[in-house]
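Pasting a structure below so you can have a look.
As written, the chain order gives the labels A, B, C, D, E and F, with residue 1 at the start of each chain.
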Amino acid sequence: MRIKIINPNTTQSFTDALQKLADTVSRPDTEIFAVNPASGPASIESFYDEALSVPGVLEEIIKGDREENIDAYVLACFGDPGLYAARELTDKPVLGIAEAAFHMAVMSGAYFTIVTTAPRVRFMTEHLVNRYGFSEQCKNIRTTPMKVLDLATSPETAIAKVIAECLLAIKEDHAEAIVLGCAGMSQYREYIEQQIGIPVIDGTVAAVKLCEAMVDMKLGTSKVLTFSWPRPEMAPQGRQLNIA
Amino acid sequence: MRIKIINPNTTQSFTDALQKLADTVSRPDTEIFAVNPASGPASIESFYDEALSVPGVLEEIIKGDREENIDAYVLACFGDPGLYAARELTDKPVLGIAEAAFHMAVMSGAYFTIVTTAPRVRFMTEHLVNRYGFSEQCKNIRTTPMKVLDLATSPETAIAKVIAECLLAIKEDHAEAIVLGCAGMSQYREYIEQQIGIPVIDGTVAAVKLCEAMVDMKLGTSKVLTFSWPRPEMAPQGRQLNIA
Amino acid sequence: MRIKIINPNTTQSFTDALQKLADTVSRPDTEIFAVNPASGPASIESFYDEALSVPGVLEEIIKGDREENIDAYVLACFGDPGLYAARELTDKPVLGIAEAAFHMAVMSGAYFTIVTTAPRVRFMTEHLVNRYGFSEQCKNIRTTPMKVLDLATSPETAIAKVIAECLLAIKEDHAEAIVLGCAGMSQYREYIEQQIGIPVIDGTVAAVKLCEAMVDMKLGTSKVLTFSWPRPEMAPQGRQLNIA
Amino acid sequence: MRIKIINPNTTQSFTDALQKLADTVSRPDTEIFAVNPASGPASIESFYDEALSVPGVLEEIIKGDREENIDAYVLACFGDPGLYAARELTDKPVLGIAEAAFHMAVMSGAYFTIVTTAPRVRFMTEHLVNRYGFSEQCKNIRTTPMKVLDLATSPETAIAKVIAECLLAIKEDHAEAIVLGCAGMSQYREYIEQQIGIPVIDGTVAAVKLCEAMVDMKLGTSKVLTFSWPRPEMAPQGRQLNIA
Amino acid sequence: MRIKIINPNTTQSFTDALQKLADTVSRPDTEIFAVNPASGPASIESFYDEALSVPGVLEEIIKGDREENIDAYVLACFGDPGLYAARELTDKPVLGIAEAAFHMAVMSGAYFTIVTTAPRVRFMTEHLVNRYGFSEQCKNIRTTPMKVLDLATSPETAIAKVIAECLLAIKEDHAEAIVLGCAGMSQYREYIEQQIGIPVIDGTVAAVKLCEAMVDMKLGTSKVLTFSWPRPEMAPQGRQLNIA
Amino acid sequence: MRIKIINPNTTQSFTDALQKLADTVSRPDTEIFAVNPASGPASIESFYDEALSVPGVLEEIIKGDREENIDAYVLACFGDPGLYAARELTDKPVLGIAEAAFHMAVMSGAYFTIVTTAPRVRFMTEHLVNRYGFSEQCKNIRTTPMKVLDLATSPETAIAKVIAECLLAIKEDHAEAIVLGCAGMSQYREYIEQQIGIPVIDGTVAAVKLCEAMVDMKLGTSKVLTFSWPRPEMAPQGRQLNIA
């Protein structure tokens, strides 16, 4: 199967890291295509960045559906930007990485904590937790004073801060799993897990595996109402429903 | 004071209707500027439409803040598209019309029902109700089989459907106020209210009046964290805080 | 328009302060009438005080409606005592100051904290937050060891305690706006705001401005069911509904 | 032990019915004193009625505590008027009949429905359900077009309406117990239960039995903070805490 | 009346302590039968222990109903193991001690905190709080590093830890009542209450008193649907309903 | 990998059907072992049935972990009986089929409805929905008057009833996906989906695919606290944590 990972920002090195990461966890018969829009914000750290990135994300969905024979999509930014709009544009599965990480976390431990970047994303993150129904299982959202790009420029310092928050999460929040709240942390997941001794969930990995599961189940996006095609003429002939 | 109403779609006749409506309720010392982006969707009836409209909305905020000496902004589409991104771009008040209508409705009656257009917007509308904290006071979201543009092409039929749902809301939902769930219904508010006998709230009117109140109170958007400027260099000198 | 502010306690100096404060924020065409009942508790610091104050408050509503040609009412005690009973007695808007402050706070910042007087009011305050739907946006209720009357007798000490709690609210609760949880703090609002650097909302000011907005909108109390006249004969002829 | 039932309205025949009812369920060593204030509303069917009844209720608490050697109090009106204020005035147990009925209902069946009088009390009743934490177990609040006093003037017609709603509650709400939402229905409890075949809870009976249980347990009102004496001088010497 | 207390673990000394405790609070006309299954876990400190204890508990219900003429049942383990299954097997009242304690706590104080044993039971306890509807009134679940059996082997040390947590609950959680989260703490209830000065609720005592109240009210388990007999042939003839 | 499906009831034909179903959706490198306990209830239609089935389920977990080299477990009964106890007994993933189905449903459509067997399971099902955090996305629980075993004895009639409820779910609940609320319906999933035109989720299939995903991710049950080994000696040497 063919899974397209859309990095909503324009930083090619992040896209490459996502491709590499996904290749290590995907099944032998899965092809991963990590892409990013040609223009837009270099990283997504505000609602404004998110808003500007969405049109580029949606173009990648349309292209994937019409030209690239894609079976499932992953939106690789922790704010799940444009998730519902993307679902309108295809009958294939579309998963955000925040959503995917939360689902996986609660299947592993009783409670989880999100460890993420700068404090301003707390409100955005809390929205996602509430919207998806995880407000009782998510015990805390811990932020650090770093920016997304710090993960690229000084990863050691950044990851040390993340690990410190993870250890506080275990002690103070009674967290039993950690969700990494930024796609830029993905490549350090295994290292962090080794340091703290409880499961650490990366959303991109989670989303790829959930996409594989959904494609195997022939389960796509329900087109009956909320996510039906935005214009009738956008619906591919004979593909209104997601039933094989 | 100067209030800018941003119609996120490109239908000029809607923009004109908003200008006219707002002029009738604003105070003598308030100037209303209703605008719409030059390009984008003609009406907003899906998450996809909403996503495409947001960059144009945000440009209007930036322009209003830098060039037009605007005191407050109204986003005149019931999905409140781009509300949080817009708040990052200014220290002035920014109100969505859904948000404004809900606040006004609960100050009038114990319960309210939203009457809106096509069924596919139910999920989007429910998100707003929950996010803003009105899930107990909002008793129902009633949809009709019409599209937003039906309000322009066959208003009589469309409004008759709206009135029928309002009467059911009183009888079945115990609604004590009605919120109109679409900016296109604004001009019929008074007529609907006369027909059904309970308060009918239009979000554009509500938002204009709340903007006037906030400007009088010198209350703007708090810039301390969530809605701080997306890039430090975007912050106008000496205007970080919204305190006069 | 004519707005009546009802101070539910019998301390005339508080009533005078409310008149003065409201005069500074009301529009030129608004007349403010601040009153208090002739008998009752000197300050309201318990459910018992509140219960004893309500009959006097309701008499002021009846008098305002029948004899004083009032357009809107403000209940100037943070417990919003008698709010729903007052709404039954008139088809004009009636706003409590807690309610008004919460509505304004969430239009300014993502989260707010309430800073109030003695610890025993926490439960009462939490009830209001939950009842009005602000439990996710209100991050904390901070109390101080002072009594309401301390604000009059040793204001400097009292306000210093309030400011200390506000600063903790920013740091620990991630508050982006502060709601003052006592009408006695109103006159220090501007000073506190200058000291802490984020918006500080006073409920009396908020309620006056919201009343002005509602009167302009011809939006009163919905009389269709919950707040209909307690006895049919109390309904003024031809005024059952709040539609102009 | 001595339990005082306070009927907040002034209708002596209701008070007598409460006395009679409580006498049939109380233990041999329990003395019941049913009283009502000398002046106030004849029945309580609005927030206004409730507000006017509360000062009289509170006087009965003070008198009971100082002069009558009462061990526990029941507030016999389904709105639990003045409950929290009453708790401030004594260290004995004080139970509202709505509260008591809800606690008993969920110990009997998985879900319950409230059947009450006129539609305008729905909002008041819903507040109580939410405040006490029963929003998931209470499946519906069913109202009838009758007034409280109809129960006295034409009981047969009134009770037939109540039974019809109870049967709908079983069928449509999946109710497994019924809570009678008005003290005036108390005397018909047994008859209704026989007609519908599932447990029917009367709040006055429930409250009397819960008072007996609390007194046996030496469990009174916690005076540590929220319900501490409203004025220090009101606290009886040596009785600050509710521990024997 | 005859109340059967079922200690789900096999530690006879705990059963004896429960018998002794219940005898001191039950009414003269109440007979208490404390029992425990012959085989099963010695104490219940995990979901696994709980699962293994339930079949033995249910046998005691069946035996009590068929052979022992029991009027009401108490499940004396704070996890309320098998509560709903037990209710299916009888039309008599069946109360769990967690459930009983919560009901009693909120009739005494505005907020309560649970103080219990080892940290691993937090999740189990939180489930009960949420399921029964007490999530707003229960301010905290405080655990200690002890095991249930520590209460028997070194009670002084164990109780000192409990008291320390109770005092923190008053100070940090604003708790106004304490619920003891383990049947093993029952015999120290009075001592703890004397040390901390606010009501301390033991679930076994609470459940016995609630059973007495329910039996007096002729209120049993509603058999109409959820708790109807698991097999039709299990229903005793003429006893389908819990109405005397 | 080796996935063990535990059918908690003793009906071998159901176990065989589960094996067959899982074989059709599992990956080529996955081995499925469907088993059932030797003794226990023939079907699970009450809390009592569930309680009796759990010890047998847990024995299968222990055996799987010690003797069968199992990689992940599926509990194939819609009540997820013994789920948390099972998680204590292994560091491998353990998924209930209700849980798995809900997670998959919300990744496909905005809202889902559960269609299940006899009305008495509504309460049990609602518990699961609330506990797992899906109360806003699950719009209804629809029951039919059939028993689980009807699915085996008269499948055509039974499935026709299920389809009728599914169609009502689309029309009245606005459901966009259906969750089958009974493992006995699994084999009819595809047929039902074809008849109703929206995704139909079977929990056993969902759980198998989620197990595959978790095993690939080396994500098991977090052993740090809630689900740590019930007795220290049960922990396999060197396998305390679920990190490879």
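Note that a residue touches a chain if its C-beta (ideal position, glycine included) is under 8 Å from a C-beta of that chain, and two chains touch if they have at least 3 such contacts.
If you're wondering where the values come from, they're calculated on a predicted model, not measured in any experiment.
*Asks:* On the document's contact criterion, could you list the chains that touch chain A and likewise touch chain B?
*Replies:* Touching chain A and chain B alike, sorted by label: C, F.
*Asks:* Counting contact pairs by residue number and requiring over half to coincide, which of A-F, B-D or C-D is equivalent to A-B?
*Replies:* C-D
*Asks:* What's the chain with its C-alpha centre farthest out from chain E?
*Replies:* Chain centre farthest from chain E's centre: B.
*Asks:* In angstrom, rounded to a whole number, how far apart do the mean CA points of chain E and chain F lie?
*Replies:* 30
*Asks:* If you average the CA atoms of chain A and of chain E, how many Å lie between those two points?
*Replies:* 44
*Asks:* Touching two or more other chains, which residues of chain A qualify?
*Replies:* As it turns out, chain A has residues touching two or more other chains at 110-111, 119, 122-123, 130, 136, 174, 225-226.
*Asks:* According to the definition already given, which pairs of chains are in contact?
*Replies:* Per the contact definition above, the touching pairs are A-B, A-C, A-E, A-F, B-C, B-D, B-F, C-D, C-E, D-E, D-F, E-F.
*Asks:* For the complex, give me every residue of chain C touching chain D.
*Replies:* Those in contact with chain D are residues 45-52, 54-55, 58, 82, 84-85, 87-89, 119-120, 122-124, 127, 130-131, 225-226, 228, 230.
*Asks:* Where on chain D does chain F make contact in their complex?
*Replies:* Within the complex, chain D contacts chain F at residues 110-111, 136, 174.
*Asks:* Any idea which chain C residues touch chain E in the complex?
*Replies:* Those in contact with chain E are residues 119, 122-123, 130.
*Asks:* Can you list the chain C residues touching chain B in their complex?
*Replies:* Against chain B, the touching part of chain C is residues 25, 27, 93, 95, 99, 103-104, 106-111, 132-137, 170, 174, 176-177, 193-194, 197-199, 201, 205-206, 209-210, 212-214, 216-217, 219-222, 224-227, 241-243.
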